[in-house]
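Each chain gets a letter, A, B, C and D, in the order it is written, and its residues are counted from 1.
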Amino acid sequence: MSNKYIGQAVTRLDAHDKAMGRIKYTDDMCDKSALVIRVLHSTVANGIVKSIDTSEAEKVPGVVRIFTCFDIKEKHYFPTAGHPWSTDPHHQDIADRLIMTDHPLFYGDDIGAVVAEDEVAASQALRILEKSVVYEELPFVLDAQEAMEEGAPLLHEKFPNNVLAHTEIHMGSVEEAIKEPGLIKCEGWYETQPVQHCHIENFICYAYGEGDRTVVVSSTQIPHIARRVIGQATGMDWGKFRVIKPYVGGGFGNKQDVLYEPLCAWISIQLGGRLVKLDVPREETFISNRIRHAIKYHITSWMRPDGSFAARTIKAWCNNGAYSSHGHAIAAKGLNAFPQLYPCDNIDGETWTVYTNRSVAGAMRGYGMPQASYAFEVHAEDCARAIGMDPLEFRRKNLMPVGYYHAFSKNELYSDTFNQCFDKGAEIIGYYDKVKKYANQTGDIRRGIAASTFWYNTAVYPIALETSSCRIVMNQDGSVQFQLGETEIGQGADTVAAQMIADTVGIPLSMVHPVSCQDTDITPFGTGVYASRGTYTLGFSVRQTALLLKEKILEAAHQFTRMPVYNLDLIDGKIVRTTDGRELMTIGELALSKLYTTEGSQHLTAESTYQIKSNAYSFGVCFAEVEVDIPMCRVRLLNIVNVHDCGQVINPLLAAGQVHGGQSMGIGYALSEKMMWDAKTGRPLNNNLLDYKMSSFMDHPRLVADFVENYEPTSAYGTKGLGEPPVCPVAPAIRNAIGQATGVYINELPLSPHTLFREFTDAGLINDPWRKEEQGKEAK
Amino acid sequence: MAKQYKVVHCTVNGKEIEQVVDVRSSLTDMLRNDLHLTSVKKGCEVGECGACTVIINGEGFNSCIYLAVWAEGKEIWTLEGLTGPGGELSDIQQAFVDEGAIQCGFCTPGFIMTSWEIVNSGKEYTDDELRKALSGHLCRCTGYENIFRAVKKTMLRHLGKYEEAELVNSQGITEYPEPMPFK
Amino acid sequence: MYDIKALYEAESVQHAVQLLQEHPEAQILAGGSDVLVQIREGRRAGCEFVSIYMLDELRGISIDEEENIRIGSLTSFSHITKDPIIQKYINVLGEAVDMVGGPQIRAIGTIGGNTCNGVTSADSASTLMAWDAIMELTGPDGVRRVPIKDFYIKAKVVDIRPAEIQTAILIPKESYDRCFGHYIKYSMRNALDIATTGCSVNVRLSEDKKTFERVRIGYGVASPIPVRAPSAEEFINGKEITDENIKTFAETVLKDINPRDSWRAGRALRQHISVVMAERALRESISLAGGEING
Amino acid sequence: MANQLLMAKSPEEAVAAKNASAVFVAGGTEVNRLGSDAAAAADTLISLKKCAGLKDIEEDAGFVTIGSMCTFQQLVESEKVPSYLKEAALFMASRTKRNMATIGGNIASKRSDSYIIPTLMAAGASMKLLTAGGKEVKTWVGEYIDEGDSDALIISVTVPKDMKVISKRYANTAQSHAVLTMSAALGEHGVRLDGAVKNVGLLHFCDLEATFREDPDVSEDKIIEMVRVCTGLHTADDMFGSDEYKRYLIAVTAYDLHKRITGKEV
């Protein structure tokens, strides 16, 4: 199948409209007559709402209605994770959320809502309302390990010690293995911080009645799943809801949870189907949507002098926040990756997912792997140093070898990916020269360079259902529209799907149009986009459906050309007789004839579902070169190069864009991003774009993205996941580079000035003479 | 307190506008709700993210923290104004399309307006100056890389430096001068 | 839409003063980059405002008869940075305000608003403090001039009397003559950020460029209001330009600053950075002034 | 489209603003209607909505004076207004239109299918006008129709209270325009006959009056013949009917009204 479009840097199909500014996002589509909803959030980290006096707030001119947790007569607990529903109860997500609760479990939990004619009236009423809530305050706990101790406040009865789940893995016998003489032990505690997605379009949805149903238009990654969850949250038939997803201004996993769609739909229903809009302000996006899990690791490795691993153990505590959302899946993914990245015969591992009175952690680009990759790769660097081996060589020696097969997931490493990526990256950034040049520096400003890798797979088989459906409809001129369950959220799913369809059906790309906005009434069922499944999973249903359509086309061609189907093909929009290459008719002529013929008129369309039962490793590496200004405790990233093996690259321009975005999120994760809470009150401290330090234009060097293309045998188009992998190796690479530059190897994130100051002081790199007098003075 | 209204006279995208506004309205409100220019986006409404940037008398402003009544007598440009009568894209818009500088597209309108100001300034910005000029916009999808390329290329083309423009994409790794250690 | 109870638009300075007298509750709204954000956060929701944004008479930079540099209070940061007089005589102020937020904030933000909100992190304040700026205030009883160190009273409180507005900021000739300065803003990211600590140093060297004739150093966020470090200045003035003196000068600032311990940054970090910045800003100022160290 | 609206507070203010390119707007059913030529030509609309003193209905010595801004519905609901005028007002079938349309507006538009002008002419109604110069002038409806000063503002219309007047209106439906609206009144000097003939105009049938006066028992055929050949009458074929049909309709209606008004038919 020689491809005309696959592999080409084709322009995004929606780029033109976005550059013109005429593309419509949720807020652009909502009629100005919509009533405004503002959510009333709890101002205690744990407590019971005793009463909410709404009388004063109701007097504010423009207020239409005020709802409180006491208006929830039937409590329908519902799961919020964007997971495909499971018919097996044991696999179903934990349903522990209410649209409004009288038992807030974190500062920012939803306990009420104001509905007003405009945003000013709504915020006025909200400020009054916030002062008229009576709480019974309860003690709270913010740290995962503290939450597990006896006597810690219990968030959910069904989960003693706040442990949502605890899983273990055991291979061989660590106990025995570590008795081998001459082993070198390397042990470390590693800790990652909570961060937020910061998509520039806040979550927003609006709802209105239509017949006996409710339509919810929402900025979501998972419209079909959202419809199911709204049904569960309101206790109504799922078919009573229709979810429409317009263009989305970034999701990164936050919009893979069902956020305020249920509350918005419920309010519209209470108001007889009036049009109501819930537009989450940035400050509430930070604390009342989803964040990334902060995970603490303790990893120990025993190595032989030649650098091979004898035994390894890992423990991980995953801070899940107040509600389950994605539950144990994030921690489990990390634990599952540990024995695969650096295989070893003797491994003991366990991980806990723990409830705390903090904002809810859910899916965020990488789904546990950025955290795990930081711990694994920081530990790997420390292991190499412990035995005095070059860190890159140490990795090449221990990383998953070619041919590795993972029984549970049936994943297999078909190619020498790691070495190919390391070689290519080293060559681009000039790693080997720079490592020598930066070997031992003494000045105030020093440079360092390092590389890191990561483990990642594609989609969620076999842990959960992987299914994709596609419908392609041909018009009279031979052009087609296609619809997919996989949603466009900026990653380019529509464009790559169009490239696939054009090549597989055999028509010019200009004749292929996505129906981009999913509408659960019309779009074939699909679970949306997450777990970097987009290109991989949609490829299966797209190819299958495209081939079905082609079959019908060639049968129709037989009718009009009299040639047997096996001597016909559709190439670049023309029906061709393969025996002599003659072009018999254009696809336009065929489509027109087939539709309007009085002999067997037929509408050329195809629709099919493909259930994916395979997975694919998607690995890559990151090289980071840094300059550390020790006195100023500042790190400047000089160069960053990511090389990824995501199989056949469908669109190099869009693929590079995914890598750049991942690198950027990784840089912020490494150097400056961190959500903080006040320990005394549980109140968030920096929930806005000023105090939460997401990278700006001036915090990035040029980002370099490159690829190693090993065609993935299991994949419909040889592709593997790419959305999330680029985030994973960046933070460890930067940490290791800082270590190479200064000799100070830090085990926590972010590597901000505060952290560097403490670590450089402990390491003696910073020793202010006046510091002793200062302590003296303070001691007095 | 009775509501206060005022007629704002200004030119928006080259067209004379007389718009009655509630004096409490931000310029973003007027542009989006009254003039239906929905390319102006709301990302934070506190002047941080830049998604609401419009050009006022030649300079980029966050329209979310700019009162509509202050637009009196001003000349305002939004992304809708950059597109030609027949839908033709200006060269900076086309560069954003060609360089893959657009992913989700939510920060794009703001970015293009500031870039339009840069490339029409006639000045040649160094790389660092370019980053600083564009630093009033936050983006989570692109890591700013392809945006940097699109703007630098268009700037160089405006200055007639076409070969140099074509080299922009290949400049991956940057070699920095030795740090001047403060000894 | 903002939660504003009433908006009164001033057409002239006198009109603004008159409006402020008629509406004693009303607060002043200049560029609004701080005030409008505080309205949305609720702190100033439902208040009355006198908008002075349209008063072009308060914009622009000139040298007045007494050879003061006169900066109109409504001059935006971007216009200060690009102004030839500033670039010639007090370029450090242009550099300092060029680090506020992002380009769009610098287009709307005014130096008057930046100083009048009394916030210690204001990027212009530490430099104005280090250059002994004088605040010109116009009110019902006419014009008043207040040196900047008396203008800042305590955190978020400045010496503005009822119905008064700041109309200009003056830098006396004696302050800018033969004087070169450098400002360092220490923040967690390189744009769209507020100073964790700001340090502005300027020097006037002797004719032979071997000794310090006058050194001044101002800090932001090293204490509740922008401050000078008099002990450090006292030590260094008149001294030779040597590494030793520079180091001692930098460490002496600790006597005058009192950084607080907060979640934004610990006291120890702020102290350390303040010393490092003092040294680097002084060295940069020396080289700008054409001086040589240990020369 | 007019681009200036004046809300006149008094008749004086209204006439002061009146000129060739300014149009009075009373109820608006005429001027505001899509495609109305009056509004298209106008530069300024002078609205009389807020004009003081034009909405009252007064009764004095056997005569009822009706303000020009009184709506048709006001007329129908008023006890003072004589029933013959209410019947004419009810020719306007749409209640919503009656809520808006005004007496002064209907008269000023001099439409050849007017609901009430034939009745007012037959009843010998008089009018008070305010000229552009601000002078108050009295005139008869008939006179105003023939050469009324269009820049003047109609202040009021005065009709005799107890006079015998009967009117008739022919239209395809209640809403459509009338091909013929005719009224007969029993005054001191015999029967008066007036009518509105679509696309012809508002006519005073003095020849017919004279014929009836001379021979009250004249035959219907004679009247039919008389009208058929009458050269003074400029009816023509159009969508409302043929020339012959209109002439025949005028004749039989005149005959019928005369018979009923003079009480012959029992």
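FYI, a contact is a pair of C-beta atoms (placed from the backbone, for glycine too) under 8 Å apart; a residue touches a chain by one contact, two chains touch by 3 or more.
Here the structure is a predicted model, which means the values were calculated and not measured.
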Query - Two chains joined by the most C-beta pairs in contact, as defined above - result: A-B
Query raised in the report: What is the distance in Å between the mean C-alpha positions of chain B and chain C?
Result: 28
Requested in this report: List the centre-to-centre spacing of chain C and chain D in whole Å, with centres computed as mean CA coordinates.
Outcome: 80
Query - Computed distance of Cα centres, chain D from chain B, in Å - result: 65
Query raised in the report: Tell me, which residues of chain A touch at least two other chains?
Result: 120, 631, 689-690, 696-698
Requested in this report: Any chance you could list the residues of chain B touching two or more other chains?
Outcome: 24, 45-46, 48, 132, 134-135, 137-138, 182
Report task. Could you tell me which residues belong to chain C and also touch two or more other chains? Result -> 1-3, 102, 190-192
Query raised in the report: Looking at the whole structure, which two-chain pairs count as touching?
Result: A-B, A-C, B-C
Query raised in the report: Mind pulling up the chain C residues that touch chain B in the complex?
Result: 1-7, 9, 29, 32-33, 36-37, 40-41, 51, 53-54, 78, 101-105, 107-108, 190-192, 279-280, 283
Query - List of chain A residues in touch with chain B within their complex - result: 9, 11-12, 14-16, 18-25, 27-28, 32, 120, 197-202, 247-250, 252, 279, 281-282, 428-430, 443-445, 447, 489-492, 627, 631, 638-639, 641, 653-654, 656-657, 660-665, 667, 688-690, 694, 696-698, 700-704
**Report entry** chain A-facing residues of chain B, complex
**Finding:** 24, 33, 37-39, 41-46, 48-49, 51, 78-80, 83, 87, 89, 93-94, 96-98, 100, 102-109, 112, 128, 131-132, 134-135, 137-148, 171-174, 176, 179-183
Query raised in the report: In the complex of these two chains, what residues of chain C are touching chain A?
Result: 1-3, 42, 45-46, 102, 186, 188-194, 196, 251, 254, 263-266, 268-269, 271-273, 275-277
Report summary line: Touching chain C in the complex, chain B uses residues 1, 4, 22-26, 29, 45-48, 50, 53, 59-62, 65-67, 69-70, 72, 114, 132-138, 182
